[in-house]
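Here come two complexes built around chain A, the first alongside chain B, the second alongside chain C.
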Partner chain A sequence: MTYILDDYAILSPLRSRNNWLKLAIVAFGILVGVSASSPLVPFTIALCMSFATIYFGRIPVKFYLQILSVPSGFVLVSIIVIAFFFGEGVDIFSFSLFGYTLGVNPEGLNMALLILARTFGGMSCLFFLSLTTPVIELFAVLKKAKLPDSFVEIAMMMYRYIFVFLDVAMGVKYAQTVRLGYRDFRTSFRSMVMLGTNLFIRSWEQGEKLYLAMNSRCYDGKLIMYDEKRPVKMPEILLTGAYFTIVITVFWFTRGMSLI
Partner chain B sequence: MHIFEGFLPSPWWQAWFVFSIPVILYGMYRLNKLVNERREVVPLLAVAGAFIFVLSSLKLPSVTGSSSHPTGTGMAAILFGPAITAVLGLIVLLYQSLFLAHGGITTLGANVASMGIIGPLVAYLFYRAASRSGMNFYLNVFLATAIANWVTYVFTSLQLALAFPAPEGGILASFLAFGAVFATTQVPLAIMEGALTALIMKYVIQIKSDVLVDLKVLSIDKATKLREAMQ
Partner chain C sequence: MIILETKNLSYSYPDGTLALEDINIKIEKGKKIAFVGRNGSGKSTLFMMLNGTFRPLKGEVLFHGKPVKYDSRSLREIRKSVGIVFQNSDDQIFAPTIYQDVAFGPTNLDYPKNKVEKIVHDTLEYVGLTHLKDKPPHHLSGGQKKRVAIAGVVAMDPEVIVLDEPLSNLDPVGADEVMDLLNELNYFGKTIIISTHDVDLAYGWADYVFLMNDRKVLSEGTPEEIFRQTEKLKEAYLKRPITLEIYDEIRKRGIARVSKPPRDIPDLVHTLRPQHLMWVDVPPEVKEGETINLGILYGEFAQDSMYEAANCKVLHIHEDGLAIVEMDRKALRAGSIAIYDTSQYDNEEILKIIKRDDIECVGAMGKKSKIIAERDEIYLDVTAGVIDRSILNALSGQRCLILTHGGMVEHALERINGYIEKSGINLHVGVVTGEAEKDNGAGSC
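Up next is the complex of A and B:
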């Protein structure tokens, strides 16, 4: 809860670039990464996208590494399971536990490495999007994609209220903490309940107020967005082209190849 | 429990989109109908979704020491029903993947299936059945949310097992392996979330029970009875 990627996106120098270009770059990376059969492809994508995010997007390296470690808990646990249970062949190493022999074979290890690389490739693409494009910019994209108005409308208002409630929640939590509300398990549970209740009631009242406020300003179920025209510039096309070429070349040369 | 970007291999991430999209379309249809009838629900649903997001980004005090967050979808299902929860869940999951680096885009279909559709549906069915059979309201909320959380986690394990079956013992063996590994954090987490939601409901009844009557979670007599029991 201490950081929201959107905060960085709003200040990003890449914010003023064409949204569709950024979406195309991200979609390309995600799709190629997920369909690659060698860990090298997602690894290349991860390198390129991390470089773009840190260098062009001016994101602090320390912060970038910190958010990259968010999925690591889930991913490490799952790839260990995959390494042990997936694939057939001679075990590289094994040990016995409660009478069962657990072993890792080349196929399982390859799969685990591939999944690890894919996850980091995919996450770095996602980070590129969320650290350079504030969600406000994406609403215009959602509207163009012909999603129902009520859906986009709810998404937009939700976006606004996430920040309102996060502020409230952080304030309440801070006040509770200085009053020793998170001293031990019992008190933290009690504090959590109070925080949750207050948030719920407050959000409900806020919703009613919002309806009144919008109704009195002639809200008819449609908020009109300004969709800024941002032509794609030549250097951007060249860079994107170079990136696509590198990834496709790596993809081509590593078909059916495995590390071990 | 989110599946992260790039984790599901090719036939499976598409398959879960195929599973989720019709449900989401049905949810949108229901949502549109509701919005046409009562326009005031748009801001209410929006703040409800924001509430779910913020609730799910709070860290629960955890027994095992791992970072654990409530899903909040069980509560949403009790309040709004499963169809609308699926749509809200889709937006919340999208925002979680963009703001907090939880989840992903290709795995969005799978995550919506487990956290937005299956978990809430089971919670809702349990809540309705149990409240008809006259179970104590708080116990019911506790069980419904805890079960929603468990079902979500079991379903995620199943999704992972289907994508990565073990050569010996097949899907079942890897399902048990994934299930056992994640059980250590998910079982206490579900109990915590259930208790948290039940207590939140208690305070809501105390302070603003008319909200629950408006949403048809409780009938008027039942809400007054619960309020009187508290005094």
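Up next is the complex of A and C:
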């Protein structure tokens, strides 16, 4: 079985903490990270959130670095472009290529660093949320946030059947692979199309079965929420408070400051 | 009392294919019913009609003698009273967590929130899944999912529980746990209806069997009647239960007594003739037809028990003093079965009982008892087919202890006493919960 983010979240010890607190921490991190003008602030946030995810959330470091490497690929490419083509001023580093002079100036470099830090800050906040708060916990939050009932219910069933179809899809894919369905590009393409068609038909059938299953148990437009009471405890408040203080302090002292 | 009945029931799929033809069945309250038929014989469709999901083309379904109506109010009533467990648990479990799924039925019956909570908690404990209540269904094994599906239906407290192929895709122990659960539910008065193509299961478990093939009910009756009808079974593309096959074969060879067809292994063992012919040197004064005592066999000669007394009836004496004798072995130490109710569980007491009574074989029935045994590291010799196994072991002189709880205590007692009555072999049997305090190792049971 392949593990996805949600599986880690379900097993995480931080799952049993107050959902609103976790959401507040994440929202704070993202907002402050985006509004800070110095790369140091989002960088601090990235460090704190990664530490919390790995240490308190018991996420394997290797796995964490793995998922973090996905956005870093994109961001590294884009900051190189930004560093070379943005900003004005005296170049601190330049070389010529086919007669063009390419250079990096302090303004561009600052911008690149800021974007790098913001990306990591934001990503680490989101990873903290998705690795410690499984989707099943969020449904109650969505409901409390006064989203329409039918929206939340459909979301819940979609969540449930994602896994059913994932299983089916992996089964079909395997069956195709062992019969050489992914031998070359042409066959892969054909197999993919067949897989898609099959899944579509299955989901249609599943929808009908779902209707029967719900009716057999007297469906009356009501789904209960899984909503456990989890009061925020003192150590959590203290830790969160410390984190907020550190970030705000860094934010204050780095106002208008640039690294270079 | 008839709880469900159909009269001239026919049904065709929207595309016009006939799925059921002229079904007339009567189902008695509190019974264990099995519909046996090969795949595609119409069992599942019939089940969908029993709770009003499909509307009949002709005929009617009667619940408690009243025809089922198809307005939404009446449908709600019938669906509350007739719960259906689907063959594929993934079709049935649609909520994102186990808790939400079990709570689905009670919530839609408009129970207040704290009542729903209590029902869900009790039901989950009953099926032994409390520790998984906040898990999503895709983290569960097949057997666990099946138990969640059953819990979702049981939570609505229906009178009839209908299960479509309840044991498909389950491993033997998981299947056994589901059957234990069904037996317990039945003991508390629920009518249980299952469909299956497993003839062995239907033969050993059901009180009443409907044989189905090709959209029709071919035959109905007690399992003993149905599974003797070789022609009908052939017509339904089924075979005879293995117990019956073995019984017939050994009876033809004269090793088994002619008796009622055996339904389970203890029954089958009981039909065996205690016959061992052997050559023995006999003293000259012994005459044909007399019984001689060969003494006590032990060690490797006593096959089934620690000590066996061997008495021989002399059938024929040769001139040289050799005689053919029929040996009749009797285990000297009678086996026993003690039943322990784990709802009043006390670890010390159980260890005391095991020591006091020299228990050699411990079995656990029901998920709750198994969990307790695992937690306290009580070694379980038997985890599947516990009652049958214990009877067999007790017959060969072992002392057995069954850990179980709730309604299954009575169920086990009933089964064992039933066997004692049928076979005339007196096994010691009794409930031992709370005994250790009373007589503190004073005597054996």
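Please note the rule applied: the second predicted complex is superposed on the first by the 244 of 260 C-alpha atoms of A that agree within 3 Å, B and C clash if a C-alpha of one lies under 4 Å from a C-alpha of the other, contacts with A are read in each partner's own complex, and residues count from 1 in each chain.
Just so it is clear, a residue touches a chain if its C-beta (ideal position, glycine included) is under 8 Å from a C-beta of that chain, and two chains touch if they have at least 3 such contacts.
Bear in mind that the values here come from a model prediction, so they are computed numbers and not experimental data.
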item	value
Fit-or-clash call for chain B and chain C when the two complexes are aligned on chain A	fit
Which superposed partner A:Val164 touches (first chain B, second chain C, both, neither)	both
First, second, both or neither for A:Tyr182, with chain B first and chain C second	first
Partner chain in contact with A:Val135 - chain B first, chain C second, else both or neither	both
Partner chain(s) touched by A:Ile10 [first = chain B, second = chain C, both, neither]	second
Contacts of A:Leu223 with chain B and chain C, given as first, second, both or neither	second
Contacts of A:Trp20 with chain B and chain C, given as first, second, both or neither	neither
Where the C-alpha centre of chain A sits as vertex, the angle toward chain B and chain C in the overlay (nearest 10 degrees)	90
Chain touching more of chain A, residue-wise (chain B, chain C)	B
Touched partner set for A:Met214, first chain B, second chain C, both or neither	both
Overlay on chain A, chain C to chain B nearest C-alpha distance, Å	10
Shared contact residues on chain A - chain B and chain C	6, 135, 156-157, 159-161, 164, 206, 210, 214, 221
Touching residues on chain C, where the partner in the complex is chain A	48, 51, 53, 75-76, 79-80, 83-84, 86, 90-97, 99-100, 103-105, 107-110, 116, 134-139, 152-153, 156
Parts of chain A lying in touch with chain C, wherever the complex brings them together	6-7, 10, 134-136, 139, 156-157, 159-161, 163-164, 167, 206, 209-210, 212-226, 228
Chain B - residues contacting chain A, complex	1-10, 13, 28, 31-32, 35, 39-40, 42-51, 53-55, 57-61, 63, 66-67, 87-88, 91-92, 94-95, 97-102, 104-106, 160, 164-167, 173-174, 177-178, 181-182, 192, 195-197, 199-200, 203-204, 207-208, 211
List of chain A residues in touch with chain B within their complex	1, 4-6, 26, 30-31, 33-35, 42, 67, 70-71, 73-75, 77-78, 80-82, 84-88, 111, 115, 118-123, 125-127, 129-130, 135, 148, 150-151, 153-162, 164-166, 169, 173, 182, 185, 188-189, 192-197, 199-201, 203-204, 206-208, 210-211, 214, 221
